[in-house]
Structures are given as structure tokens and as C-alpha cells.
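We just call them A, B, C and D in the order they show up, numbering each chain from 1.
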């Protein structure tokens, strides 16, 4: 059964900026979804900011395995309710892949707990992405490095929590470096940030970038059932304790009372 | 110069519950602050939920090095503005020590990006805290373990991100285990969670617990100046690039334009 | 294609101790291999200390995907050459699962870089293994905990490096705790330590333990080709630099000279 | 009381190569020790490969807090006994700072459990070291980056275990990147690797590099007493169990018998 993947695109610059439209006439999300669908073990569909509930109603998210997120121009337009819904699903186990300017998206900042800020420069300079974790699943099939002749520069420090693993580090022509591929786990959900993808360049048409995206979807996919218990903070009454104990001492809570949240 | 520490206490049960008042007649925050002030390299004062701005106005936070947080009954009463203010200061470098039921505080969940849920049982059972990271600064002066004859049980799974280091793991009489001491870094701020401290038991009167609190304050203290740049996402114009480059290719941003957030 | 797995057993107590022979008449390695072969995506064979080259000649290791290691009585009898051979293959990408008393095996200590010491007690006490990382691949299909009515106690501190992720923590009847499932990556190889399995108890006949073993083999398996370049420390001559540069300044090495090791 | 620091230098090229002697007429170890002694809270002395027991007899190591290691030409000449002695002391809590070509030293490979290999090029190119973890103690007082106009290139992948924290990442003129500052903990000992320092360039005369070295010594210093228990794997007899239990079931070990190692 294919990995059910939703590619979320902000879909603003593709409609309002001639340069971007020329590179991604169908929208970046469609280009990315096509790249994912090139392999039959992934089934990708798209959703955009303009769709009702941004294309992410609860029913649809419930059936998803992985969510890919690209946004830039209007992070603030994403409703907080949808952000919380996505966060809850990540904790339950869907994978999340955040692309490029999505570093400032509400959902990424929500899951990281940090500002997720960085330096930037839009000068069409060369980016060379080095694989620092060879044979990591996200780097499968890649050589030691790949190059993007024109990209926006993102520079360190990138204010995210220390990752589980660093997979890619970028070299920029103008002199900066950036941790371009990092992994985290939030609840049962795997999270991957991947740097490349400024909308004025044909980055998502690049074969190696497309390979990384497919690898990342497979890596982020958690085939187990949803971990819904993560939303609970259950009381374990004395009579249900794994070992027999007798209750003693002063108490705050009446029997059966819920805890404070 | 002493480490300027604010002990924040919710200060509800100490005033409304006879059992708790009997254990902490001056409030838990005062007991904790006294324990910290026992060593001259720490200078601890207190703040409570009931104070204006919960005792955490910007001016006071600016002068603080470490914030200790205990809350339980009414996490929701803490204003979102104060939570964001504290988060910003942690990113800039103040240390944060979250105690016991503070696992469900807004500030801890904000910085972790996860539900921070756990199991619990209030049965006055024995807790044995094991040092799994001997000679970690937070365990300085401790033996291989210490015991609290009566405590509330907290059980795994505890839905927090994988920590930088695990310092303590607790054994409970009723059969559960818990990672009772864990560290994270968020921006320039050190964060430590310490499990013991249910308000109906005299936990913060325990000499070993007090030692852990003092150790934690010292560990969390970052003596460097505030890292205010973490709030920025600066553009680096072509003429300021570390290496000389020429701008090329299509552009989205006009010169000097701020990035999208 | 099935995951080619070698189950390595020390195979001493099964032949010399009546108690152990009664529990594992064919040897522990055979019991473990049968448990792995219960699923068709794993193909497990066995090797023992007594085999030539301990059953791990280079040719056989070259064809293996995962190695499971159980040893106890005579770690010192494993030849250093075989240990180095296995380490090299782990760095190239085969998975390694170290069981119970294998914590003191040469290969585990070699890969951890620490003493890997712990406390122990052989008293047939109850062990309760808690899943602290729900929906981790190694915990797939498990409930929140499982119990082994009689096991040897292993107690913290366990002197291993901080893991990538902690999956299991054990509670022992006698009052200790232990991080019973931890993961690391060494080169391209995934490493998992799993605590249960004292030879006088029927632990490897337990259905849940067998499920963990199968999960661990799948998790440890890296399907990519061997990362042989990890053994090199290549010079990149000036004319092969990704960016054109001119050599300058004083030099130590003659052109084409190998680096010092 | 000052941090007792031993700066270990291989001391070969300084005596045999005119270029290196011109840069470090007293040896690199003396230059480094002087830089450390510039602050009064550090007391640095030196040791070299040519000294009896390489200048690291047990008595001297016992009194040390931090060991700084630079070697290149003849790692193999360091005796295995001294390597094991140093490893044991690191596990007990002394800090270890490994510099530049020390990545291939026996002691570093011993503690990492991996090949510690990398790419290299000796072309006198520009290195720009970026601080990716601002306000980390090792980066105290530094700006966002510093430059070394001529250095040897080290390129990724660097085959070390995922660090606790990445502090520095280098950009090289020829197009490579490198994680130039990483931390690990091994037992009670803090370990830091710092990349710069090829012997034909005046790197250790650089004021910023010297600041990093002093910061690193302070960070690596663990002021607690030696954790000698790490060398033990103690039996906890039934009568010493923290909780009262009765021994039951089959046994392998006679009472009081030591465990197998």
C-alpha cells in the first residue's frame, strides 16, 4: 500500500509573480507531488492555503501518512486551528517534511519550540550540499555531494533544537554554511527539514532534489497505527498499579478525579 | 556575582488546601528559594501567579539568570503574553528549571513542542531516583541514588523530545519508571526538567532534592550576554557577503526588503 | 529479499551447564534464529564461538545484513581480528544487535568507546520493561509494557555513550532501573542494545521478546550498498577541488603523498 | 584553584621540518600552553611523544583536569598502554580536547568507536569557521564567525558518532564543509574536537583560536572527584537490594562470585 502523502503548497507566488509562474506553472506543490508519484510506493496529492481549511480537514489528515510543507509569503494566514490539528497528527505518528522557507511556518516553529531563524541572501549563488551522514536513508542513492547552480543562501546560526541526526550541510558561494538536512522526532512523528527550494529557481525540478524528497517521505513514514494515547495524561489508580501497593499519606485528588492541565 | 534566580510558584494549593499549607506554610516557592539561597553563589527571589504580570515583568526577567517554575492547579491562568516573554528570554540565554507538575505548564510545552503528557498516581508510594549520568553537574555530590518515601507516581511514556542527556531515572513502588531528570537546549537557554515535588509531600524540604536544585541552577546558568540576535532573520546583502559574489538570476525581493515571517 | 541475519552465540553454558541446557537444548542462538525465521522477511542462520573464525569469516560477513550477538562466559576468547572485522562491517552498514551480557563483549565496547559496565544480581526477580518511545520501529506491535517474571537484574549506571534514542526502560523488583533498549549509529551501521536474556531463564522463548528481536533486525537493516569509503581518508588534490583554487603557502606533503594515520 | 591542563604535542615536525620550526620554534605544545596560561584560571604544562611514557605517567594524569592532544606524523608510536591509561582517566572525568590531525590519534578513535576519517587538502586555502551554537560555552566571546586565511582543508563526511552538540562548522574556499567543533561525553569525561591547526600555518598564534582553546578547557573541566566506580561491574547481592526480595529460580553464579568480563 502506497505511502499516502499530502504536499501542501502556499501557492501565492506561483499565481502572483511571473518569474515563479514561469518556473512552476502548475504550482510548486504539483511539481513536488509529481516527483513523489514517480515511484509507485508513494501516492501524493496536494493541498493549498486557498483550499477550505487549507486543504487539511481532519478527515483528510486522518488518512495521511506524510505531510510535505512549503510556505513563504504568508505564514500568518495559516489558521491556528489547522496548525494545532497538524501538530496533533504529527505527535500521533504522521511524518512531516518542512521545505526551505517553511522554516518560519507556524507548524515548524510549533514543533521545534524555538524561533527557527536564519540568515538569507537572494543572489542566485551556487549551493553545494554535502552528505555528512552517508547511507542515512534520506541520502540513499546520492553521491558525496550535489550542486544547485543558483539558490538562495541560508546561513547559520539556524535556531532549531539540536537534531537527532544531521544529514546534509550546505556550502554557499558567498561564504556561508547551513545544516540543510536535519531530523527530529516529535511524539511518534518523524520530522525532517530540507533547505533547498527558493521559488525563483528550478530546484524542485532537479533530479537529486527529487530523490531526496522521495527518500524523506519513506524515512518519515511510520507504518504503525496512530498513537492517540499521546493526548492523554491518565491516572493509574492504586488498584491498577502493576505492583500491589497500599495507598497512604495525604492526598490532593479525590478518587477518579482527572488531573489538572 | 551571584546567579540571579527567580522561583516562580503557582501559590494556589498552599493557600487553599490545609494539607499543602501544613507542609509549605510560606508557599513552595519560598521553601525552594530558601534552599537555593543556602549557597552564596545563588541569589533567589520569588514570583507568583497572583502578582501583577505573574511577577515576571520584562524588566525583572531582563535581570534574571535562571527561572525555576512550579505550577499545577491552574496552568491556564498564566497569560500567553508572559509565556512568550519567558520563551524569548530562554532563547536569549536564561536557564529554565521546570519542576514536577510543571510538565503541563504552558512554558514547558511551548519550548518542547510536544504534549509533555505522562501517567500519574497519588498514592504516597516510594520513589527511588537513580543517577544514570554520574558526575553530570546536576548530580554533583549525590550518591548513586536517593529515595523519597512518599511521592506521587509519574510514569512513562513521557512525551517530550529526546533530551540532550538523561540524568535521573526513577523507580516507583507501584511498578512504573520515569526519566526524572533530562536536559535540553533551546536557543541559548539551558532547560532542565526535574520530576519530584508533589505538593502534599515534604519533597522540597529534602536535603538531596535541595542539592539537585542548587546544582541545576548552576548548570542552567549561562553567564554570557543575552543572545538577542536570535529574534532576527537578517538579510545579508550581496555587498556584505563574506566572499565576493555577483548577484545573478531572477529575484523575488527588492533590495533592502525584509524577509517574510 | 529476506534480511540476511547471523545470530552469534557463545554456546558455552548451553553445553556445560545443565540448567541452561534444559532451557535451550539446541543453544540460545538456535532459539533466537528460529524466532527470527518465524517471519519470512528475515533469514537467520547461526554462528558460534567454537566455529572456525567464530563462524564469521570475511566472506560470510560480506553477505550479511544484520548480526545479533550473545556472549557471556568468555568474551576474551573472541579473537581481536574477528572483532575488528565485525567493527569494519558495522561501519560499512550492517546492523548490530547486542543482547544482555553482550554488554561486555569486545565488539560492543569497541564500538561504544566506554566501559559498558553495570550492576547485576541473579535472583530470579521480576522485570517490567516499559516502552518509553511508543511507535518506535523497535517497539512495533507492543503494548505499553511487558513483563518477565524471572530475570537477572541489571542496574544503572550503564556506562555507554548517550544514545540516539532510548526505547525501553526496565523496572526491577529489587529496586533498580535500567535503560534496556538504546540505539546508536556507528558509521553507516545501526546498533541496538537489548537487555533481557539471562541464560538460566526462558527469556528468548517469550513471544514479546521475540517480537522485539524481529523488530530490531528490521530496524537495524540498512538496505543500501556497503559504505566502503569509510575506511579511506582521501586527499583531494587542488585540481580536484569543487571550486577552483590556487595552491599557496608552505606545505608539508609532497604531491600525491598519502596522509599520516 | 587553576584547571590543571596537560598539552600533549607529538613534537616531530617542529624538530624535523624547517617550515614548521619557523612557525613554532618552541613546539606547538608550548605555543598552546602559553595561550592557555594567559588566563590565570588555567595552569597548563606540556608533554611530548619523546618523554618517558610520552610524558603521561599515571601519577601525572591523576593530577590532571584536562588533556589537550595534538599529533599527526606518528600516531602509531603512542603506546597502547598509555592510550588505555588516558581513556580510563577520561571515563573517570578528565576532559579531553583533540586538535586537528589528532582525529586519527589512537585515543580519539578509541573513545569514538569509529574510523574518524575525513577528506583533506593542503593548499593554504581560506577557512571560515561559523558558530552554529551561539552562546555555547566553547564559543564564549566569539562573533558569528572567524577566518583563518591559510589552512589545510578537512572535508565531510567525518566518520564520528553523532555529537551531543555541534558548535562550529567550517566553510572552505575550495568548496568543502566540515563540522569543526563537536562535543561528546564518554563516562564522566567531556570530549571536544576542534579542527583548525595544521602545523605549517600560524593557527595557534591566532587570538580567536586561542580563545576557543581556553573556552574549551573550561568547558571540558569536570570539577567533581574522579568517578572510579566506572571500572567496576558490581554484583548487588540479594540482601543488599534496595527493596527486600527473595532469591528464586535457577542460578549460574555461586554466592559472591564475580561476573564474567
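Simple rule for what comes next: a residue touches a chain if its C-beta (ideal position, glycine included) is under 8 Å from a C-beta of that chain, and two chains touch if they have at least 3 such contacts.
Note that the structure is predicted; figures quoted are calculated from it, not measured.
Comparing mean CA positions across the assembly, the chain most remote from subunit D is A.
For the pair subunit C and subunit D, the fraction of shared interface numbers is greater than half, so the two copies use mostly the same residues to meet.
Inter-chain spacing, taken between the CA centroids of subunit C and subunit D, is 27 Å. If you average the CA atoms of subunit B and of subunit C, the two centres end up 36 Å from each other.
Remark: subunit B and subunit D have CA centroids separated by 31 Å (rounded to whole angstrom). Residue positions of subunit D touching 2 or more other chains: 128, 134, 155, 157, 162, 164-165, 171, 173, 175-176, 185, 230, 242.
Only residues 93, 128, 133-135, 137, 140-141, 145, 147, 164-165, 171, 173, 185, 188, 222, 224, 227, 229-230, 242-243 of subunit A touch subunit C when the two sit together in their complex. Interface residues of subunit A facing subunit D in the complex, by the touch rule stated above, are 128, 130-134, 144, 155-158, 162, 164-166, 169-172, 175-177, 179. Contact residues on subunit D toward subunit C in their complex (touch as defined above): 13, 17, 19-20, 72-76, 87, 91, 101, 104, 110-115, 117-125, 150, 153, 155, 157, 159, 161-162, 164, 173-176, 184-187, 198-201, 230-238, 241-243, 245-253, 259-261.
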